[in-house]
Amino acid sequence: VDPTQRPLYYADYLKLDTLLDAQRLRSAQRGETVHDEMLFVIVHQAYELWFKQILWELDEVMAVFRRERVDEAEMGRVVALLHRVTEIQKLLIQQVSVLETMTPLDFLDFRDDLVPASGFQSAQFRLVENKLGVRPTDRLRLAGASYSARLDAPDRAMVEQAEAEPSLHDLVEAWLERTPFLDLGGFDFWAEYQGAVKAMLEHDRQLVEENPNLTAAERAEQLRGFEQTFAQYEAVFDREKHEALMAAGERRLSHRAFQAALFINLYRDEPALHEPYRVLTLLMDIDEGFTAWRHRHAQMAMRMIGRRVGTGGSAGAAYLTRSAERSRVFTDLFNLATFLIPRSARPELPPDVAQTMRFRFEE
Amino acid sequence: VDPTQRPLYYADYLKLDTLLDAQRLRSAQRGETVHDEMLFVIVHQAYELWFKQILWELDEVMAVFRRERVDEAEMGRVVALLHRVTEIQKLLIQQVSVLETMTPLDFLDFRDDLVPASGFQSAQFRLVENKLGVRPTDRLRLAGASYSARLDAPDRAMVEQAEAEPSLHDLVEAWLERTPFLDLGGFDFWAEYQGAVKAMLEHDRQLVEENPNLTAAERAEQLRGFEQTFAQYEAVFDREKHEALMAAGERRLSHRAFQAALFINLYRDEPALHEPYRVLTLLMDIDEGFTAWRHRHAQMAMRMIGRRVGTGGSAGAAYLTRSAERSRVFTDLFNLATFLIPRSARPELPPDVAQTMRFRFEE
Amino acid sequence: VDPTQRPLYYADYLKLDTLLDAQRLRSAQRGETVHDEMLFVIVHQAYELWFKQILWELDEVMAVFRRERVDEAEMGRVVALLHRVTEIQKLLIQQVSVLETMTPLDFLDFRDDLVPASGFQSAQFRLVENKLGVRPTDRLRLAGASYSARLDAPDRAMVEQAEAEPSLHDLVEAWLERTPFLDLGGFDFWAEYQGAVKAMLEHDRQLVEENPNLTAAERAEQLRGFEQTFAQYEAVFDREKHEALMAAGERRLSHRAFQAALFINLYRDEPALHEPYRVLTLLMDIDEGFTAWRHRHAQMAMRMIGRRVGTGGSAGAAYLTRSAERSRVFTDLFNLATFLIPRSARPELPPDVAQTMRFRFEE
Amino acid sequence: VDPTQRPLYYADYLKLDTLLDAQRLRSAQRGETVHDEMLFVIVHQAYELWFKQILWELDEVMAVFRRERVDEAEMGRVVALLHRVTEIQKLLIQQVSVLETMTPLDFLDFRDDLVPASGFQSAQFRLVENKLGVRPTDRLRLAGASYSARLDAPDRAMVEQAEAEPSLHDLVEAWLERTPFLDLGGFDFWAEYQGAVKAMLEHDRQLVEENPNLTAAERAEQLRGFEQTFAQYEAVFDREKHEALMAAGERRLSHRAFQAALFINLYRDEPALHEPYRVLTLLMDIDEGFTAWRHRHAQMAMRMIGRRVGTGGSAGAAYLTRSAERSRVFTDLFNLATFLIPRSARPELPPDVAQTMRFRFEE
C-alpha cells in the first residue's frame, strides 16, 4: 500500500455510483413507475454478473486444459474453480425463487414495456453454453431463426466465435485421450476390462440357465435380457460401433476418451486419479446445475406467462422445457454409469502400474 | 402432567429403540457390509417419514375442503399447512444431494442385493399422488404393467381406493364452483371480463392497422397473431368450447371453477380473496415442488445407473423424466396466466360488491 | 408499444455495457491480475444490487404504514413485499458459500490492495439497518469510532438521516397501537387475558400443592418456579413495570403495542387477523434472516482472516459475531412467545366482536 | 440374487411397517390429537436418522485415521465421507425451516405433554459431539448438572465412553504430527517460514519508517501495530509459547501438528497435499455446519418458547446460543488463517522435496 495515495473507498472500489445507477425502469420512463419492475431489472442484472463470473472461471479452466501437458499442480485449482461454478449455479437457481415473488398480474403491469427484448438475448449465457460445448446442432430454432439471430452484431460475432473454437468438452476429450494409464507398463486395460465384463455376464447367465425354479418362459425372457445387456457392452468394446453411435449422435466422446473416462471412474481410488475423477464429477455437476436451472426457469415462465408467447416472440415456457433437455453437454459421462462394473469384478492393477499412481515418499 | 407417572424420556417418546434398529443392510446379511448401503437405507427411510407427514397434512386440508361450507377461520390454517408441505418438499429435493454423495461405483457394490425391490413400490408416494389428483390416465405404464402392479395387495388396495375418492383437485374444484362472487349483487363478472378482453384486443389491433411503418406483410402477420390470441380467449369465454378442451384433456377444471380461479387471481387484492389466492398459489407451488423433485431424482438416477434398467425393472432414468412431465395436477392454474389481463384493463368492482369483501370495522 | 421506435434490446434495457464494465481489479491495475479478485468484486456488487432491492421494498412497505389508516386491501401486498425480502435474504446467505470458495491463501494474494476499504463502508446496508430500526445505541463502536465515521460525507448524511426518521419498527408500533380490537364492543381483552393467565397458573399450582408424591423440598422448589413465572407475567400486565423494562432496554414496543401484538397472536385464526399475523411473523423472519446472514458472514471472515484485523481496521470476525447478537430489531415479537397461553385457556371472543373480524357475505 | 427366495419388497427392505408405526402422539394418548404434534415427532425422528448416518460416517473416517499409517488410496474416500457429512448438515439446517412452520401457539397445544423430555436427551447427538472432540471442559452446565445427567444409564455410559476415547480431533492431530514433509530432504520448513515472516514484516516496517507523509504520531501508532503482529507470530514460532497458549485454552493442536497444518495450507497446490488440504477444509466445514445449525436452532427456540425454560428444564434459547459458541472443535484450523503468508513471500520448496510430492509418471 502506497501511503501517499488517498485511501481506497469501498464504494469507489466497487464502482457503486455506476452500478447502483444502472436500473432504468421503462415504466418510470413512461411516467407510471411499476414497483415490481425494479425486481425484474435487478434479478437479471444479478444473473449477468454471475454469468460474467462463470465465464471468468471457465476461461481460466480452459487455459489449463489448452496446454499440451496439464501440470498436476494445477489440478487442485481446476477442481476448485469448477466447484465454484457449481456454487454459483445454486445461486442462479435460488434467484428463480426471488423472481417468483413477482406474480403474473404484477408482471402484466409492465410486460408490454419490454417488448421485444428477451432473456434469449443474453449474449453471456450463450457464451457460457458455447464454451461448455453446446453445439449448433443441439440448438432449437427460435421462432424459425437461429438462436443467435436476435443478438446484435457484435454479440453475435462473439458468440459465434466461441462456437468455432474448441469447447471445454473438446479440451477435456483431448486431455482424456492423452492419459498415460491406458497402456502403461504392459497393462492393457481395455482387454482386461472386456474380459472382466464377459466373465461377469457369463456367470450371471449360468445362474439363470441352472435355476430350477424358472419356467421355460421366464428363463427365455431373462436370457433375452442378457443378450440386450451384452449388445450394449459390445457397442462400447468396439471402436467402429462406438463411432457409429457417434455418427448417430448417441455418443460424443471419442472411443479413446471414453475408455480413459471409464478407467478413471473404475480406479478413482488411486491417488493419481483423485483429481481427474473430481474433474469428471464436477463436469456432470455443472451440466446438472444448468439443467436444473433451465427446468426451474421453464416452470417459472409457465407460471408467469402461461401459454402466451415470450416477450421476445419465443415459444415461451414450452421452448424452455424442450431446450433444457437438449443442452446437456457431458452426456457420455452420465452414460458411463451404464458400463461400470462392481469393484469385485474389476481387473486388478499390476503393482508396477499401481505404483506410478502413488507418491514416492510412500516407499 | 401427572406427577405420579415416571418421567417421559426423549428416546421413549420418539421410540428411538425401534427407529434406530430399523436399518438392516442386505450386504451385512450376506456377510460383507457395504458402507454406503446405510446411506441408501436412511435416505429412503427419511423420505418415507416425510411422505407420512405430507399425507398427514393433505388429509387435514382435504377434511376442510370436504365440508359443505369452508369456514373462513380455517383458511389461515389451510394456507399454513399447504405452506408446510412446500417446506417439506425443499427437504425432499435437498436429500437428493445427500444421496448423490454415493457414487455409481459405490452403488454397484450392493445394487444386486436390492433386486427386485424398487422405489416405485413406495405406496405412500403413490397415495400422495392420488390424493393430490394424479389420475390413472396420467400414469405411464411401468414395464407394461400398471403403476400399482408392483405393490403388495394391501398397499395396492389402499392406493386404488385413494384413486377412487375425490382428490384435493376435485375438492378445490367444487369449492371454486361454490364461490359467491361470480354473480354477487348483479355484477356479472364473466360478461364484464369478456368485454374488457375484447376492448383491449380491439385497441391493440387498431394500433397495428394504423401503423404507417409496417409493411403489408408485417401487418398481415401481426393481424394473424391477433386472430390466434382471440381464438385462445374464445375457448375460455365459451362453456362448450371449454368442455371440448376438457374432453381433449387440455383442461381439467370445470368452466365455472376456471372462472372463479380467474376472478380470484384478478381481484386478489380484496381482503376476502387474500386466502383463496394464497391457496391457489400454494397448489401451484406444490405441483412445482414435486416436478422439481422428480427432475432432480431423474438426473440423479441417470448419474447413478446410466441407461441400465432400474432395480425394479423400470425403464430407469428415462421413465422418471417422462413421468415428471405428466404428473402435474393443477395445470389449469398455470394456464390461467394466459388469460389474465392487466390491472389497467380490469373491470372495476361495483362498490357494493367490493364492500362484501372487506371487514365491517372499516366503516 | 410504439412500433415506430427502434426495438428494445435486452442489453440496453439492463445497461449491460455499464454493468459488465464495472469490475476493476486492483491487482490488474498494478499489473498482476489475481484471478480470485474478480469473485470478490462480483460478490460484493451482487450484495449491493440486492441491498438496493431490499431498500426498494422497505420504502414501499413503510409508505403504507406511514398512512394514518392502513388500507386493508394493501395488506396482501405488504405481506408479499416482506416475503420477498426474506427470499432475497436466502440469496444473501447462499452468497457466503460462493465467497467461501475463495481460500485464505488466495485472498492474501490481493488483500493488501484493498486497504483501507471495508465492507463496513456499505452505506446501503447501514440504511437497511436504520430503516428497519437498528438504533445508535445498538451499535458497537468500530475501532473506537461511530459506525458511520468511515463513510464519506454524503453517505454519512444519508445514513444518519434514516436514523432520525421513523423506522419500520416505529411505524409498526404505531399501527399496532391504533388497532381497534383491544376494546371493541365492550370486550376488555387485557382484563380477560389477565384473568385467564391467573386461572391457568392457579390451577397448576393446586396440582403441585396436592400432589402426594412430592417431597417437601420438591414442592417448595416447584412453587418457587410458579413465583418466577408469575413475576414475568406481572411485568407484562402492568404498564408501569413494562415501561420500567423499556427504560432498562429490555422491551422496545410500547405497552399498548405489545398488547395488540399479543392479541393478534392469540386470535390469529380470525380472518381479519390473518394479514396482521403474517406481517408480525415476517418481521421476525427478516430479523432472523439478517441474524443468520451476520453469523455466516462472521464465520466466513473467521476462516478467511483468522484473528487478523479486517482490511478496514475493524476487529474482524469477532466484531461481526458480537454485532450479530445486537442488531435484532423486533425482539419483543420474539419475547411474545413467553406470554402466549394455550388455546384451551384463551378467553373466548364475544360473538359480536368475532363478527367484525369476518366478511359480510358469510351471513 | 438367489432366484429361489421370495422377492424383496421395498417396504420390507426399509422395515416400513415398524418405521411408520413409530409415531405415537402423546396428545392422542390423552384423547385429543393435536395435529402439529406429528410434525414435532417426525422432525425429531428424521434428525435421529441423520445423526445415525453421521455417526456411521465418523466411525469409518476415524477407523482410517486410527491406523498407524494412513493409506493414501483411502484419502479420497475420507474426503468423500466428510463431504457427505457436510451435505447432511445442510439437511439438518433446512429441517429447522420445516419445524418453524409450527407456530408457538400450535406448540402450546401439546407442549405440556412432553415434560420433562427434551432434545438435550439426544444421546446420538452427544456422541457426535464427543467423537468430533467436544471436551467436558467445553460443556456448559445444564440446570446445574452435567450435560449427561439427563440421559438414562446406558446412554450416559455410551456417551462418556466416547468422551474417554481419542476423538477425531485427536486422531487428526496425531496424523498431522506424523507428516513426513516438515523435515524432508534437509528442507527445514519451520526455519524457512520464520525467515520469510520476518523478512516480510521488516520490509513493511521500513516502508512505514521511511514514509515522509506520516506524522510522528501516525508513525508511532503503525509501528506499535507491527509489534503486536510480531508478538502474535512469536507465539507461533516458539514451542514453549505455543504450549503456554495451549495451557491457557487458546490453542488445542500440538505445536508440531500446528506446523504441519500450516505447511499443508501454504503448499496445498502440491499434488500430495491436495487430499490433506481438503480434509482440513472439510473439518472446518463440519464445525461451521454444526455452529450454523446450533444458531438456527437457538433462533427457532427463541421464537417458539421466548424466554420460557425448555421442556427439559434447560435455560432454553439462551443456553443454545451460548453453547453454539463453545462447541467448535477445530478452532486452530480457523486460527491458521492468521499466520498464512502470501504466495509471493512463501519459501520455495527445493526441487527434490517438491518431487516427492508428485507422481512418478511425470518424469
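Labels for the chains are A, B, C and D, by order of writing; each one numbers its residues from 1.
As a working rule, a residue touches a chain if its C-beta (ideal position, glycine included) is under 8 Å from a C-beta of that chain, and two chains touch if they have at least 3 such contacts.
All values reported here derive from a predicted model rather than from experimental measurement.
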*Could you let me know which interface, B-D or B-C, is made of more C-beta pairs in contact?*
B-D
*If you take the mean of the Cα atoms for each chain, which one ends up farthest from subunit D?*
B
*Approximately how many whole Å separate the CA-defined centres of subunit B and subunit D?*
39
*With chain centres defined as C-alpha means, what is the inter-centre distance between subunit C and subunit D in Å?*
29
*asked:* With centres defined as the mean C-alpha position, give me the subunit B-subunit C separation in Å.
replied: 32
*asked:* Among all residues of subunit D, which ones touch two or more of the remaining chains?
replied: 103, 112, 268
*Would you mind writing out the residues of subunit A in touch with subunit B in their complex?*
103-105, 108-109, 111-112, 232, 265-266, 268, 281, 284, 288, 291-292, 295-296, 299, 302-308, 321, 325, 334-344
_Residues on subunit C engaged by subunit A in the complex (per definition of touch)_ = 1, 7-16, 18-20, 22-24, 26, 35, 38-39, 41-42, 44-46, 48-50, 52-53, 56, 60, 80, 83-84, 87-88, 90-91, 94-95, 97-98, 101, 103, 112-124, 152, 155, 312
*Which of the residues in subunit B come into contact with subunit C in the complex?*
3-4, 72-77, 180, 184, 207-208, 211, 213-214, 268-272, 274-275, 277, 355-362
